[in-house]
Amino acid sequence: MLKAKVILVALGAALAVPQALAGATPEEDRKETVEYFKQMFPDVPFEEFVNGQYALNDDRRKQWESMQDFPPYEFAVAEGQEMFETPFANGKTYASCFENGGIGIRQNYPYFDTEKNEVITLELAINRCRESNGEEPLKWKKGAIASISAYMASTSQGKPINIKVPDDPDALAAYQDGKEFYYSRRGQLNFSCASCHVQNPGKWIRADFLSPTLGQPSNFPVHRSKWGELGTLHRRFAGCNNNVRADPLPAQSEEYRNLEYFLTYMSNGLPVVGPATRP
Amino acid sequence: MASSIRVRAVENNGVTALKALVRHPMDSGFVKDSAGNVIPAHFIKVLTISHNGKNVFVANWGPAVSKDPFLECRFKGAKKGDELTISWIDNEGASDSTTATIA
Amino acid sequence: MTDQRRRGFLKGMLGVGVAGFALGSGIVPLRVEAATAPDGSDWPEKAFKTPGVDETIAELYGMEANESDQITMDLPTIAQNGAVVPVSVETTLPNVTGIALLVAKNPNALAAYFDIPEGTLPFVSNRLKMAETTDVVAVVISDGKAYKATQNVKVTVGGCGG
Amino acid sequence: MKKPLLAIGISLALSVPLAAQAGPKEDFQEVYSKAQSTHQDAGTFQWTVTGDRLKAAKSAAGNGEYEKAIAMANEALKLAEESVAQRKQQKEVWRQVAIGN
């Protein structure tokens, strides 16, 4: 059953799904997704999916490995640590806002806050921490917030991603909303996230080599050669949307947070490897 | 202010392998900003690595070297615990220098 | 201005000529002179502002370079982004005193050149910008003569845009 | 000489029900506001190209070039209609390609 469907999806065929199948749990979604990519790339070990295109293309992998010698984000991570440890005007630090003082917790983000009824991403938590301590929020996509987030990720490297969808209708709705976003075609070019990253990973789209869904959020924030600096996951979402000529949504909008929630859940069990470099 | 230079130097069988990363925009002078104005060239011209007062490597760079330049080189004659000095100067006369201990 | 060419040429010859003379005469060789922080005054402005590979080699070293299969270049076949292309050069040629890296299609070909004092291995690795698909040329000065090797790299996303 | 005439011809053909007494400014505003509201209706499925045309239309109108403004607004309207259709269609079909429905 799974196999037949996987093949059909891979062919991009429109598949009428029996209603009985609808309403699968997030965990069933995830297992099926893992199985799908294992079949698509039988030679790629599970943990390697976090390296995206570098798990699939040797020439690119070599370039990446040579960048790993001294990754260009090192300065930003050091600055992020400095900012993370520098007290706010009220004397408190970021550590006061996070479990375990903010160290080694990246793998738990984003999470669904059942009291506020919304998805909390790490960047959102960083800015809420600032605001609750009387500081101005940072801009969302790059700069200081990316550096702080990169430092926090760096203290969590190797920890398996552990996103939970609590037994709560709103949490499940947020997850489903993110999933719908991932699979819905958008923009004048009529592409969904999945058109590239589920149906065509390992292929070239012009000068870009497409990575698979699995492991995508493990790397963020990433230093892209194209940007020449670190950027957050939502900056990347906006870039992808823009590429297919769909109006990007604001960083940390509910839609993008739900998308991050779904996407990161799919990578449960894969290690945090951010920050990382990408073309 | 943190140093603009990050260095790792490791000695093995008499050969010291040095890797350095320098924070610098390395503007080529061929790129325009979002307002359409050319960003003037701004780049490191010379970077030297010295050991015991002697240069063991001199890099002369132009604006085609990537932003936050990376350099790797290897030399003999140094041992673990020795100090290296890495210095650079750019086309606007700015400079920086740091020391690193060979591991 | 013609000074520049001579200086480049001398640099190439330095390892053999001056060092040999210095050892014989008991004078401290120039190369071992106390290192001071660089002041950039030796930076060969003109060589860095010359388009074309052969023209640049002539400007920098005052001679032509011959092909050599003893130079190994390591760079990607297809650059993932022209802004950051890792390039490494290593050679088995003897008595190397300098290595230069040239990017043929860049507005000015010379990207970097390195002095290799005695005791330093003839190896260098760094990251370069490339505007488009181009030949990359490594020039090695060995025994006072210039040798070169060439490798093509395909650049689909240029390193000179915004 | 011929070009402006042609442009007027096209814009006349494109502007839908044209009240005989309405001037080009009114025609423009009608198409523009329709394009704008359709664009809004696309919700999170708005296209960048629609926004570009709307902007171009507005700036042409600001310069008094109503033929061009109307043409741009009509293009925007057409694109906006496609994006709305995409939104409605995707609501129905996205599950068909999703892993683990």
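Letters are used for the chains, namely A, B, C and D, taken in the order the chains are written, and counting of residues starts over at 1 for each.
Assume a residue touches a chain if its C-beta (ideal position, glycine included) is under 8 Å from a C-beta of that chain, and two chains touch if they have at least 3 such contacts.
The structure presented is a predicted model; accordingly, all values stated were derived computationally and were not measured.
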Name, by label, each chain that touches both members of the pair subunit A and subunit D.
none
If you tally contacting C-beta pairs, which pair wins, A-B or A-C?
A-C
Between subunit B and subunit A, distance of the C-alpha-averaged centres to the nearest whole Å:
34
Approximate Å spacing (C-alpha centroids) for the pair subunit C, subunit D:
57
Any idea how many Å lie between the Cα centroids of subunit A and subunit C?
42
When you check subunit C against every other chain, which residues touch at least two of them?
83-86, 88, 125
Listed in rising order, subunit B residues that touch 2 or more other chains are 67, 70, 72
Residue ranges of subunit D touching at least 2 other chains are none
Quick one: label the inter-chain contact graph as line, ring, star, complete or other.
other
For this structure, give each pair of chains that are touching.
A-B, A-C, A-D, B-C
Subunit B contact footprint on subunit C (complex, rising order):
31-35, 37-40, 42-44, 48, 83-86, 88, 103, 106-108, 110-117, 119-121, 123-131, 159-162
Subunit A residues touching subunit B - in the complex, by the definition given at the top
69-70, 72, 74-75, 78-79, 82, 228
Spell out the part of subunit D that touches subunit A in their complex, as residue ranges.
44-49, 51, 79, 82-83, 86, 90-91, 93-101
Subunit D partner, complex, touching residues on subunit A are 9, 12, 14-17, 21-24, 28-33, 36, 179-188, 190, 192, 194, 198-199, 242, 245-247, 249, 255
List of subunit B residues in touch with subunit C within their complex:
15, 26, 28, 30-34, 45-48, 50, 53-67, 69-77, 85, 87-91, 93, 95, 97
